[in-house]
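Data block below; observations after.
Labels A, B, C and D are assigned to the chains in the order they are written; within every chain, residues are numbered from 1.
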Amino acid sequence: MNINKESIYSSETQLRVRYGETDQMGYCYYGNYAQYFEVGRVEALRKVGMTYKQLEEMGYMLPVSTLNIKYFSPAFYDDLLTIITKITEQKGVRLVFEYEIYNESKKLLVTADTMLVFVNKSTMKPTTPPKEFVDLFFDKK
Amino acid sequence: MNINKESIYSSETQLRVRYGETDQMGYCYYGNYAQYFEVGRVEALRKVGMTYKQLEEMGYMLPVSTLNIKYFSPAFYDDLLTIITKITEQKGVRLVFEYEIYNESKKLLVTADTMLVFVNKSTMKPTTPPKEFVDLFFDKK
Amino acid sequence: MNINKESIYSSETQLRVRYGETDQMGYCYYGNYAQYFEVGRVEALRKVGMTYKQLEEMGYMLPVSTLNIKYFSPAFYDDLLTIITKITEQKGVRLVFEYEIYNESKKLLVTADTMLVFVNKSTMKPTTPPKEFVDLFFDKK
Amino acid sequence: MNINKESIYSSETQLRVRYGETDQMGYCYYGNYAQYFEVGRVEALRKVGMTYKQLEEMGYMLPVSTLNIKYFSPAFYDDLLTIITKITEQKGVRLVFEYEIYNESKKLLVTADTMLVFVNKSTMKPTTPPKEFVDLFFDKK
């Protein structure tokens, strides 16, 4: 299923850049955004109705398969960032998220996307998500 | 200048996955690879003949502009990883690196590329790299 | 000045354990707490009336001189932690913070203290804090 | 058993401060040392003759119970650090490590100690270490 990007599968969360996340350029280190996207994903799933934790407890893992980031402008220490996360595709074993990160002046700092793959914890093989999860998408249509 | 990928602008470095870099899946956390690529870049520049530190001391910063990663297979705690880093393009203000990460069984775990941009520390504007740096590439041809 | 621990120089802040902060034991990695304490310090200073950012802009740095942590019980992924931070001493160049971290079941997970030292950014020597900062403590008495 | 500090239970390992480990003071962030000590512990155990990984595979976990750090002088980006790790006590369920970190000019930057506790992975209760592990200490006397 390709999900309409203007859909309800969009969530917003905020976090502050920590001191330890800056580097000696004074920028938020480029590698930290992967954690921020994960914070966004977690909230997006919580909003859809099934937490990442529940998925793990049901025997699924969701390793990241691809990550693509474009950095337009740096974030700085103590900046309050807004992460907008959209679930844009859930097809077969795949789950695609898109992200935008803004600072308090509403400046777009970063865009990114990640593809995750459902994996069965016992077999360690890719697998389709549980029916309860798929239904969450159809229910909300 | 487009640099031949089979060229000498390739370097190899190794590191071990730290315990704190694993996550509760038992995988090396997907966000840590950005640090590994940076370790690769640092060694690649050292090999070419100008360290990242020297570039900073000459008044340049090199923020990352794009990062793309494909994760094929996980790395685990205490795995000794080999990072192969290639400088594949240096044109205008841009510097492109490509990476491959292998484990001890020579399994390819991750491929990635990053584009970095030379920035003048005083003006904070993109700028071409210092002549000494560009010459390093031509000298070695 | 020794500050009464039951005083107003106490603040409370919350954060959620991120997936990337867990390790393969399934625990929040022991090294991440240093960042959590820093989040606590930042909020404690904000509450007292002068942000860490303002102190840096006034020409001060506040490197950590000692850190002592006791780990009683682990934090897990997605746990909502409460960090209680107290400023317990400001004497000469020194600033002492004490911390307690609780999970949602109000279980005490960690206690810690840090001593920070005011450093003049230009001379890089220890220095007493700015009068405006010291006054904040006396004003509130 | 109290272990003589001048004993063979001492190991030395080196690592370079990564760019992402610096903060906007230009210092290696104070929270990163916990990872460095872990790198030291891992090598110390490897030298004694049983890796941390083997201990985990035998059903033991070794969470950290206390961490105390004194920071004397900062480490900077690209500094090659030497970590000296000593196992100074193995008694009952406890294992104590002491650390010193030096830079290339042989300046002492940091001293620290950690107490770890052997935990049975199935019961999640503190437990004495496996006999094979304890014997390693006596054998080497």
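The rule is short, and it goes like this: a residue touches a chain if its C-beta (ideal position, glycine included) is under 8 Å from a C-beta of that chain, and two chains touch if they have at least 3 such contacts.
Bear in mind that the values here come from a model prediction, so they are computed numbers and not experimental data.
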Quick one: which chain's Cα centre is the longest way from subunit B's? C
Compute the distance, rounded to whole Å, between the mean C-alpha positions of subunit B and subunit D. 29
For the pair subunit A and subunit D, the C-alpha centroid-to-centroid distance in angstrom is 34
I'd like to verify one number: the distance from the centre of subunit C to the centre of subunit D, where each centre is the average of its C-alpha atoms, in whole angstrom. 25
Which positions in subunit B touch two or more other chains at once? 19-20, 24-25, 29-32, 34-35, 38, 77
Among line, ring, star, complete and other, which best matches the way these chains touch? complete
For subunit A, which residues are in contact with subunit B within the complex? 24-25, 27, 30-35, 38, 56, 61, 63-71, 74
Seen from subunit B, its contact residues with subunit C in the complex are 19-20, 22-26, 29-32, 77
Which positions of subunit A touch subunit C when the two form their complex? 16, 18-20, 34-35, 38-39, 42, 51-53, 77-78
